[in-house]
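Letters A, B, C and D name the chains as they come in the text, with residue numbers starting at 1 for each one.
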């Protein structure tokens, strides 16, 4: 391996997403044959002491407290953005303009305008060989990558129905404290943008189709929550607690979507079911190593939903891991994401999902919010030129 | 048992529903201690020979070919209507005016106007002690009756979400023939009225709440189908193949509904999930003896969705049947329905679901159709005075 | 239908099994096209008043208090024995000798000697056209009859493993009272003969093979239980609470068996899994309408256990019932049993399972008891000449 | 962190187990707060070139081709043995005598005599502060560690039944090639020692009880397999393809065990079910993030097996990982194993499972083989003095 095969990574943010990304950066080159080996060059956070402790813990070689400095570092060739959505545009655009590859956590931004600007920056940077990717990690669940492959192979025929749900319950308790994810300024929206974005992206990924229009509604069940500052006072929740919408796909199918943090007992139930003219597929992240498949071309006397354990060597990403039946976990989605990004960087390819994909999701979220604010009226989603 | 304890039943129609009702009428008095014993007096059908054969097969003592004659019979005290929806109003109203109790299959009628007229007739008849009931048989699945009891007992707290689906796949094949259920004149609507009606009724039944408004869409995937007359020509499908809508409940919760005959591989997946502030419930008719329950008041380290086998003696209707773990089947829902109807007749009570309940469902279906035809705009459901 | 097409049935016993059989006799001719129509002629019990009440409730035309009188009745052509096992030999042999067809509940008898005598009587009667059947009703679960068909069709290849369990929990509580099922004199054995007999029979039925030898153990966890007579005194439990054994099949496969009434939370979990060289099948009675099938000849990337809903028209017995996805319940196994018995009687065929099948099961149970009493030493099961 | 807080690790072997252990050594200190930080000092293999490539890939700093040299290295304080079972005794005893801590993969050895000698060596070394552990990694599945905690807390009461199965299917095809795992000289036994050992250990771990006696049988379905040398000739399979045995626990319960590589369609179905007087637990590694629990102290009308997602912060090992519902994978069991080992080394504690635990398992396996060779006669397992 030559020096040219190494890629210095600088990461901004080190909480939940930062920890997951770190585990992935540490692991990817040990498990996959990537053309490029990542080097965990520097971690950036606002407070020097906390950032230094995190860097030692997570395995980053250096520390920065100013993201502009991080971008300037000569040993950083790729910037990994793990901060809340309101900071994404500024950091991503600056990094791209500085010629650094960018991996940006989802949702790409908090508005269509911002996402659009970022996508423009990504397009300009691409002309100079600079790569960008938005972090819809669930595309890298082997069972879901397998689902996409099966759809592309025609195994379920023409898609009639998509049934997508992302169900969590972590703020069911009204005394659960206020946090940045419940603040529109920081997070853009609530369940809609945080988890609804994932099922919109997955629908596009697995079906290979676009959403053409929506009719939606949102709701905030608990409008105030205790502040975490010990003051005893309450802060206003300015985002949705739950969102639901119906939609149409450009292939002629119908879809229903639901994203909520109030589905009591559902911890991370990201579910996707597709019904086609030749078969069906179903998935639930709470059983992430399984894909259900019904083959409608079989004799009806022995047909039924089969449970594919997506752990065979032939399944996406699995050749690098363990024998059949030895499942993977949540963090592997990030390791696979890094693998695909490194592969694209190493081969001058375009990593997916692109910022344009992130923008397409943002358009859908914006349409849902528009419909929800206008008597649920049908709202068309602007056609995306390139995906 | 005196002669007064016997109740002569006359049934109109003898295909799928008629066979199911016959099995229930034969069984109910042998299994349950009903105050009134049904007597299978007469079966009514249009063709004398076929009707006679059906009557012998199904166990009816006499035959009529004119439903007006059936109503006039002195040995018929209750008329059981198992014909397509377009015939319900005329038969039901005539029977009620003749002082005969009425059990009418769902949906109550093909329009709000008809359902309204029937409900008025039922109210007038009730003043004379004549009983009426609409046949939403799924209310009598023990697991669903248990769900209602648990909701009423506060086991899941304030309801935040209802997720209702009725998924079938019996006309996925575009060469599957034309039939009356696909003809708006006979059936009123397609998946919406046939199976969507069930999940609307069940939502009202289990939650004890009304639906206040909807935003919906419908679709016909296969617009023409071969006629069953051997002519080789095609008939137009004039109803929806699938319907989806979002809704709100008067208790403040959100709901999503989906009814389709194109969910490949789903045979009779009538599913209902409720998420409340204190717990959740989930049901799928394909596993009709099971109710899933998550108790959010438990310690989180041992909490989880439990699978209640709804076969314990304490569960609704189960005392009369078999030991725990020995499940029931589809037709038992009708046996239980007849048991509750006979109990109401025998005690001068009001059987449920009433025609007013049937009308309430019809209002929801009409609102969905209105919304679907008007850019999915939010459409309020008229408030029901009595339920 | 002529008088000759009618078959008078006389039943002995009217508790749990009697109620289930009555429901089946009432239903079978209404649902299936049987050549012979059963007539519920007379019910026999020891106490006249209770028996009369049961007869009215369950639909029997007459009452007897002496089983010998029942056998003598001219309107009784078939005797259905639903009493505890210690009474089976005397009644069954007398009925057969009187030229009456016999349906005898399982286990056939409480010992090999008795079962052998009954089988001899059945062979002699057969020469005179008299039919006999032992009531292993679970053979008539559609999913299990489908499993047998698939094994016979070679869908799972050479059988390597059978994994059979019958798990119940109804006497886990040590204060649950003494009853006849816990008395060796009446019941022969405990879990072994009551429920273990079913999984031995099903193994023979589904695989088409015999068990050649066993090594077993049994245990009584609660040796004394309160008498139900209000005396406050305790009675000795003289049967096993649980039994487990390993076995070999004459086709070269291995098998494990377990029968227990102490599997807390398992209500009626009769489970059977077969692993063959070309596939596998799995079943659990708690989900009785489902059969799991793994086809090992499929491409491994889409292979997996599929859940067949055994409710298709092509599935055994299902043509007569409801549309796909509309499941059956426990009592249907008896209706199907009566259908097959009537078919055999009507066509001069040999109904299955025969008394010889019942004897074969008894030989296995005896071998398990012998092994359990002799340090679990391997115990061969005598070869059955005819099955 | 001082130099003393670092612990040099030397690993022998780098195939399947070596890769899994490497991933764990790389990860453990980044995720858990261990008192001691592992340093991946040296990897040992027979061929220099292959070992060097593996070391670079897996992240080991140096390479050895002689395990005695590895033990001598001053930068190696702990030896991790990932080779086939026949090499365990020599390496482990030498390492212990040299004062190096030892982690030895399971099974501890290929015979009781060897395991006994290793346990003696471990006891002697322990007096000098040298630690040893056998690698039964499945003890570190959070759901199984939770099961043990719940049993210890009395949540299922007195254990009546253990039902343990380890089902795989990777050599169902008779043309699947010969390998060291099928050679008695190298592997000791087949399914029995390879996977049966795990369920024996887990039974001891979760119940806290010993197995007192067994009756067993084993079988080799495919006695010859093609050699992997391209010669076209076949090698003899000298181990069992499958083993089954019944057993008793010193707490009075019964147990059934089955280990096979011929359970077609079961990829890594390590299943454990426990039925106790107060409840039941069930687990299947194919759904490794789930534990099923039935609480028999609940009201029977709402009781049922609940699915605990073992991903809550309060669950064993989970505080260090992701939010609820974000599951772990196979390799995490090794990371947790390393965490517990490092904790023991750092606190002068005794890591579990000890070599004595490994010996106890070996005694059970030997008893099964003895019984299998002697007409399945009941065979007592020697009492273990210390565990």
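The definition used in the following text is that contacts are C-beta pairs under 8 Å (C-beta built on N, C-alpha and C of every residue); 3 or more make two chains touch, one makes a residue touch a chain.
Keep in mind that this is a model prediction, so the values were computed, not measured.
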Chain A to chain D, fewest steps along touching chains: 1
Most distant chain from chain B, judged by the mean position of its C-alpha atoms: D
Interchain centroid distance [CA atoms averaged], chain A/chain C, Å: 55
Distance between the centres, which are taken as Cα means, of chain B and chain A, whole angstrom: 42
Shared-contact residues (touching 2 or more other chains) in chain C: 266, 294, 303-305, 309
Overall pattern in which the protein chains touch one another (line/ring/star/complete/other): complete
Interface residues, chain B side, partner chain C - complex: 16, 20, 22-23, 26-27, 30-31, 57-59, 168, 170, 266-269, 285-290, 309, 311, 322-332
Chain A residues touching chain C - in the complex, by the definition given at the top: 146, 150, 155, 293-295, 300-309, 312, 314-315
Chain D to chain C touching residues, read off their complex: 156, 160-161, 163, 165, 167, 169, 172, 215-217, 219, 221, 242, 244-246, 248, 252, 254, 256, 258, 260, 262-266, 275-280, 294, 296, 303-305, 371, 375-378
